[in-house]
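In the two complexes below, chain A is the common chain; its partner is chain B in one and chain C in the other.
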Partner chain A sequence: MQARDVGLTQTEYAAICRLMGREPNELELGLFGALWSEHCSYKNSRALLKRLPHEGPYVVAGPGGNAGVVRVSDDWEVAFKIESHNHPSYVEPVQGAATGVGGILRDIIAMGAQPIAVADLLRFGTDSQSVRLRQGVVKGIGQYGNAIGIPTVTGDVAYSETYAQNPLVNVLAVGLRRPEHAMTANTARPGHLLVLVGQRTGRDGIHGASLLASQDFQGSEHDTLRPTVQVGDPFLGKLLMDMTLTAVERGWVAALQDLGAAGLTSAVAELCDSSGVGANLWLDRVPLRQRQLSSYDIMLSETQERMLMAVEPERWPDVRALADHYEILATVIGEVTEGEMIQIWWDSTVQGTVSAHWLVRGCPRRDVSEEWWRALRHRPTEAPPVITTIPSLRALVLDVLAHPDVRDRSFIYQQYDSTIQTRTVWGPDHDVAVLRLHDTRVGLVLSVFGTGQWASLDPYAGAAAAVVLAASRLAALGAEPLGLTDGINAGNPDKEESFRQMASAVAGVQDAAEALRIPVTGGNVSLHNETDGQPIWPTVMIGALGRLDDATKPVPDCVGAQGHTLYLVNPGPLHWGGSVAERVVEGASPYPLGDLGHHQRALEAMTQFVRRGLAQAVRAIGRGGLATALARMLLGAPPSLGMAILLSESTESEKLLRLFNEGPAQWVVAVAPEVVDDAVGYWQAVGIELRYLGEVTQSGRLEVDERVHWTRAELLTAWRQPG
Partner chain B sequence: MNIAVVTFPGSNCDDDTVRALHALGASVIRLWYRDRDLGGIDGVILPGGFSYGDYLRGGALAAQAPVMEPLRHAVRERALPVLGICNGFQILTEAKLLPGALRPNRQGTFLSTWQHLRVTRASSLFWGLREGEYLRLPIAHGEGAYYLPPGQLASLFDRGQAWLQYVSFDGQLTAAANPNGSVANLAGVIAGSVAALMPHPERAMDAALGSADGVRLLTAWLEGIRRRSRDASS
Partner chain C sequence: MAQFHATVVVTLKPDILDPAGDATAQVLRQMGYLVDDVRMGKHIQLTLEAESVSEAEAAVRQMTESLLANPVMETYTVRVDAS
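The block that comes next holds the complex of A and B.
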């Protein structure tokens, strides 16, 4: 076996020999191949990610663990993180997506948290094969999430040819834990037993991390890579989850690590490295699904539904009895030792010896200069495009509402159980999910958004705007931001342009998160999203988590009564770069990001405005612009209500740009007559523009400038397209 | 009064059900599928979920679980009230404690949504839940199309076993209101002391979560049990 067989370069091989002082044997080389893969080592992205802000008043655990953790109240902490399963979902959509859900759930469980919610962020192509892929992916997500009993409460989907052979399947999970049940992987001590719990190890998913997730695709490989996709079993996943969390609750687990990418190798190495210990591993004791698995196979198998526990020897009988109750396997497969060396045994023979430190931290990583990093902010001009042919406003509103990136997602989310666990105040029919914690009014807001077109020409602007939009939706509810998780998806980092795009996206997240003062507590990077040399648009998926003091009464996102006045808060530039409307009329210009400092002030002001109870309804403007926000505020309202909008712009093209620009940090608010003076005074005082838009009427239709109107049925038919 | 909630491997609505019962002040005993002694209980709920991963067929394996034996016996000997919810409904039909079967949804996919229901027939099992009353409850299932062999539908209605039906938001019994292809829009049936429904009353315990109609339904069931034991002791 050679370096390239496990996905390593000659330079990396030389580095391994230097570290070891000898050449690795085949098994050892395989371990390095897995942990030094892009997927596990972040060798191209770590130097960029470390620049993200990680500190905040609510942060309990930042990046580095299995998931970030933030504090919600004295009684509750929340673990949350996003993870990608892009390549597996392309090769085998149902299983790839299902194991993506299972994988991120075990990350949450490894923090000692009970998973309470899942969100899916998906990107597909526009051809017929992509429709089949989407059906498979949605089925897979539902299959796992529904069966294990975690509600899928929100999501995001968008389409472009760029994703045809590189669909993106990013899944975010949220879990709750009591502070006293906090779990980490860094608390293993010499003398602890290493207990492998769950599924028997099989041959599935070998090389998942090193080959499937860390290399570009050639079209013809599609079939030959299928065996590298793991198969998920939510039934066993549920038993494993319940058993693990019960063991944690009873204080029987000293350290915990899930088995994900690179299987046992990664789990043992992470546990040992973070705890500063070594281990003896007895591979002949690992329960197998089939005979004749080699040490290599056992170490690299990505069989799902397995967890690794470090357990004090006197606790082992309890752990074993608990596993018996749940009828799952728990097996002592090793012991924690002093030092940092992992010794791999088969019976009484040593098969390999490597340092956890080399595996986890030894990989040569790419760094970038400060100058290069700063230069990523040099961006395309934001000069507005000139609209030469003015499209019909009447048709464009309906075309944008019917656009696949804007239209109703119910054909997807109705396949997901969104109400189990009885916390869902707002489910997937809203822009954000609102979850109430049991036995208290305190709740969480989960706001997810990903870029598509926004980042296609200017990844920096698109990434920053995604952060701002996710936060704008928290502000619309007056929620307190707790933290962010980011999923970066990009092309082959060995290509300068793709690397630069990925770095620009990270820079955008950094600048926006810093400006908004929201820490990034963890995330995921998926590179090599290229097939036959064609990279995807750099795509940033953001999950923002906020806290509500009273989650039982979120401020409505639809209008509620005739006579309320509608305003546009913080009107965006007359520029529709990156917008759906621009795509519909077949243009393409860079996204107008604007000033992040100004956006921060607008967000803060909106949060306080809502908390003061001055808004009867609020909706953040996102994909589809103001026109879409208005239509959706009407579609969710009592059928008798209508809107009469009067735009202050003078020319037809300015009116279009007002209605369809997707600039960040804008909201539509509805204000009751008795508080109009207070509302106007408030926005004057904070120095953010509040522009009059119109009134809520009894007409049952949307009217603009007393000239163009749409009936409710027309809007609904456009928005609610099948599939 | 003690109500048991049975957990099968793969049950995932058991905690929600226990929480709902506690909210109504009921005393709850949790049973594990291997238990062969029901203890002194006055009613049993088989909660929703994917018992045994729904492998083979929803509820098929759970219907053979050890706990089903004393349950079947108690239904036969002392008409123990049993309520099946979602997967619990599937288990009860597989166990032949209820007529019919639950087939995969007509559209072939899992369906999670809010659904309006009408009480087709009042029953002493649900005290105070009147015929013609409407409920709004969530459904979440992949195998929820209620099926009866040809010729048995009329007798189901004649015997008063047709309990709940899916209706439109304005209360109409229409084909469009049928979410999954159930025969005659049936969402719930009753046979003797055994009742079951596909919707999830335990998730509709608070208007903040979309509906409190589950309170009405579960309160009626508990009240039915209370009156039954009072009558038995008097």
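The block that comes next holds the complex of A and C.
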């Protein structure tokens, strides 16, 4: 076996030999191949991600652990994180997506938190094969989430040819824990037993991390990678989850780590490295599904539904009895030792010896200069596009509503259980999910959004705008932002252009998160989303978590009564770069990001505005622009209501740019007559523009400038396209 | 054209995890049976028109590859009999 068989370069092989002072044997080489893969080592992205802001008033645990944790109240903490399962989902959509859900849930469980919600952020191509892929992915997410009993509460989906052979399947999970049940992987001590809990190990997904997720696909090469497909078992996953969390609550677990990419190798190495210890591993004791699995297979298998616990010897009988109660396997497969060396045994022979430190931190990582990093902010100019042929406003509103990136997604989320656990106040029929915590009025808001077109020409602007939009949706409910998780998806980092695109996206997240003062508590990077040399658009998936002081009555996102006045808060520039309408009409121009400091002031002002009870309805403007926001505020309202909109722009072209620009930090608000003066005064005082849009009427239709109108049925038919 | 009966048996590839089979095996063991392993699969019967046995078999294989089985995770056998 050679370095390239495990996905390593000659330079990396030389580095391994230097660290070890000798050549590695095959087993040791395999361990390095897995942990030094892009997927596990972040070798191309660590230097970028470390620049993201991680500190904040609510942060309990930042990046580096299995998931970020933020404080919601004195009684509750929330663990949340996004993960990608892009490549496995392309190879086998149902199981790829299902195991993606299972994988991120175990990350949350590893923090001692009970998962309470899942969100899915998906990108697909536009051909017929992509439709089949989407059907499989959606089925897989539902199959796992529904069966294990975790609701899928919100999501984001968009389409472009760029994703045809590299679909994106990013899954975000949220979990709750009591502060006293906090759990990490860095608390293992010499003398602890290493206990492997859950599924028997089989020949699943060997080299999934190093080959599937860390290299580009060439033509039909993925056919030969297929035999490594992992299968999820949500019923066993449920037993594993319940058993693990019970053991944590009882104080029987000293340290906890899930088994994900690179299986046992990664779990043991991360646990040992973060705890500053070594381990003896007895592979002959690992329960197997098949006979004749080699040490190599056992160390690298990505069999699902397994957790690794460090347990004090006197607690082992309790843990074993608890596992018996749940009818799952728990086996002592090793012990924690002094030092940092992991010794792998089979009976009484040593199969390999490596340092946890080498595996986790030894990989040569790419660095970037401060100057290069700063230069990523030089961006395409935001010159307003000239609309060459003015399209019909009437048709364009319907075309945008019917666009796959905008239209109703109920054909997807109807396949998910979104209400199990009975916490869901707002589910996937809203732009954000609102979840209640059972013993208090305090609740959570989960807002997810990913770039597509926005980042296609200007990854920096698109990524920053995704952060601002996710936060704008929190502000629309008056929620307090607690933290962000980011999923970066991009092409082959060995190509300068792809690397630069990815870095620009991270820079956008950094600048937006800093401007908005919301810490990034963790995330995921998926690179090599590239087939036959064609990379995807750099795509950033953002999950923003907020706290709502009273989750029982969120401010509505649809208009509620005739006579309310509609305003546009913080109108964006007359520019539709990156918008759906622009794509429908005439191609693409760069996204108009604007000034992040100004957006921060607008967000803060909106949050306070809502908390003062001055808004009867609020909706943040996102994909599809103002026109879509207005239509959706009407479609969710009682059928008798209508809207009469009067645009202040003078030319037809300006009116179109107003209605369809997707610039960040804009909202539509509905204000009741008795508080109109207060509302107008408020926005004057904070110095953010509040522009009159019109009135809520009894007409049952949307009217613009007393000249163009759409009936409710027309809007609904366009928006509710099947599939 | 003649009529043929075909039987397709679809099973998971040997190394692929079979949660349903495992659960069934566990229950059988709890019932006292000395069962080592259970693998679940599908048994599909088709009736079709074709010129010959070999043509019928080729058609059934094509159907299996494209719809009846998931070649990523499953293998299959095909048997065709004249009616």
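Throughout what follows, the second predicted complex is superposed on the first by the 723 of 723 C-alpha atoms of A that agree within 3 Å, B and C clash if a C-alpha of one lies under 4 Å from a C-alpha of the other, contacts with A are read in each partner's own complex, and residues count from 1 in each chain.
Please note the rule applied: contacts are C-beta pairs under 8 Å (C-beta built on N, C-alpha and C of every residue); 3 or more make two chains touch, one makes a residue touch a chain.
Quick caveat: nothing in here was measured; it's all calculated off a predicted structure.
Peer 1: If chain A is used to align the two complexes, do chain B and chain C fit next to each other or clash?
Peer 2: Partners fit side by side after overlay.
Peer 1: With both complexes overlaid on chain A, does A:Phe235 touch chain B (first), chain C (second), both or neither?
Peer 2: both
Peer 1: Is A:Gly142 touching anything from chain B or chain C once the two structures are fitted on A? First, second, both or neither.
Peer 2: First partner only, chain B.
Peer 1: Mind checking the angle chain B, chain A, chain C on Cα centres after superposing, to the nearest 10 degrees?
Peer 2: For this superposed arrangement the angle is about 60 degrees.
Peer 1: Considering only the touch criterion stated at the top, classify A:Arg289 as touching first (chain B), second (chain C), both, or neither.
Peer 2: A:Arg289 contacts chain C only, not chain B.
Peer 1: In the superposed arrangement, which partner chain does A:Val425 touch: chain B (first), chain C (second), both, or neither?
Peer 2: first
Peer 1: Is A:Leu122 in contact with chain B, with chain C, with both, or with neither (first, second, both, neither)?
Peer 2: A:Leu122 sits against neither chain B nor chain C.
Peer 1: Spot which of chain B and chain C makes contact with more residues of chain A, would you?
Peer 2: Here the partner covering more residues of chain A is B.
Peer 1: Just checking: does A:Leu376 make contact with chain B only, chain C only, both, or neither of them? Give me first, second, both or neither.
Peer 2: Neither partner.
Peer 1: Taking the superposition as given, tell me the minimum C-alpha spacing from chain B to chain C, whole angstrom.
Peer 2: 5
Peer 1: Which residues form the common part of the chain A surface touched by chain B and by chain C?
Peer 2: Residues common to the chain A contacts of chain C and of chain B are 233, 235-236, 327, listed in rising order.
Peer 1: Sort out for me which residues of chain C touch chain A in the complex.
Peer 2: Those residues of chain C that touch chain A are 13-19, 22-23, 26, 70, 72-73.
Peer 1: Residue numbers of chain A touching chain C in their complex, please.
Peer 2: For this pair, the touching residues of chain A are 91-92, 95, 199, 202-204, 226-227, 229-231, 233, 235-236, 289-290, 303-304, 327.
Peer 1: Could you list, by residue number, the parts of chain A that touch chain B in their complex?
Peer 2: 139, 142, 146-149, 233-236, 238-239, 325-327, 413-425, 436, 438, 551-553
Peer 1: Could you pull out which chain B residues touch chain A in their complex?
Peer 2: Of all residues in chain B, those touching chain A are 9-10, 12-13, 15-16, 19-20, 32, 49-50, 52-55, 109-113, 138, 140, 142, 200, 202-203, 205-206, 208-210.
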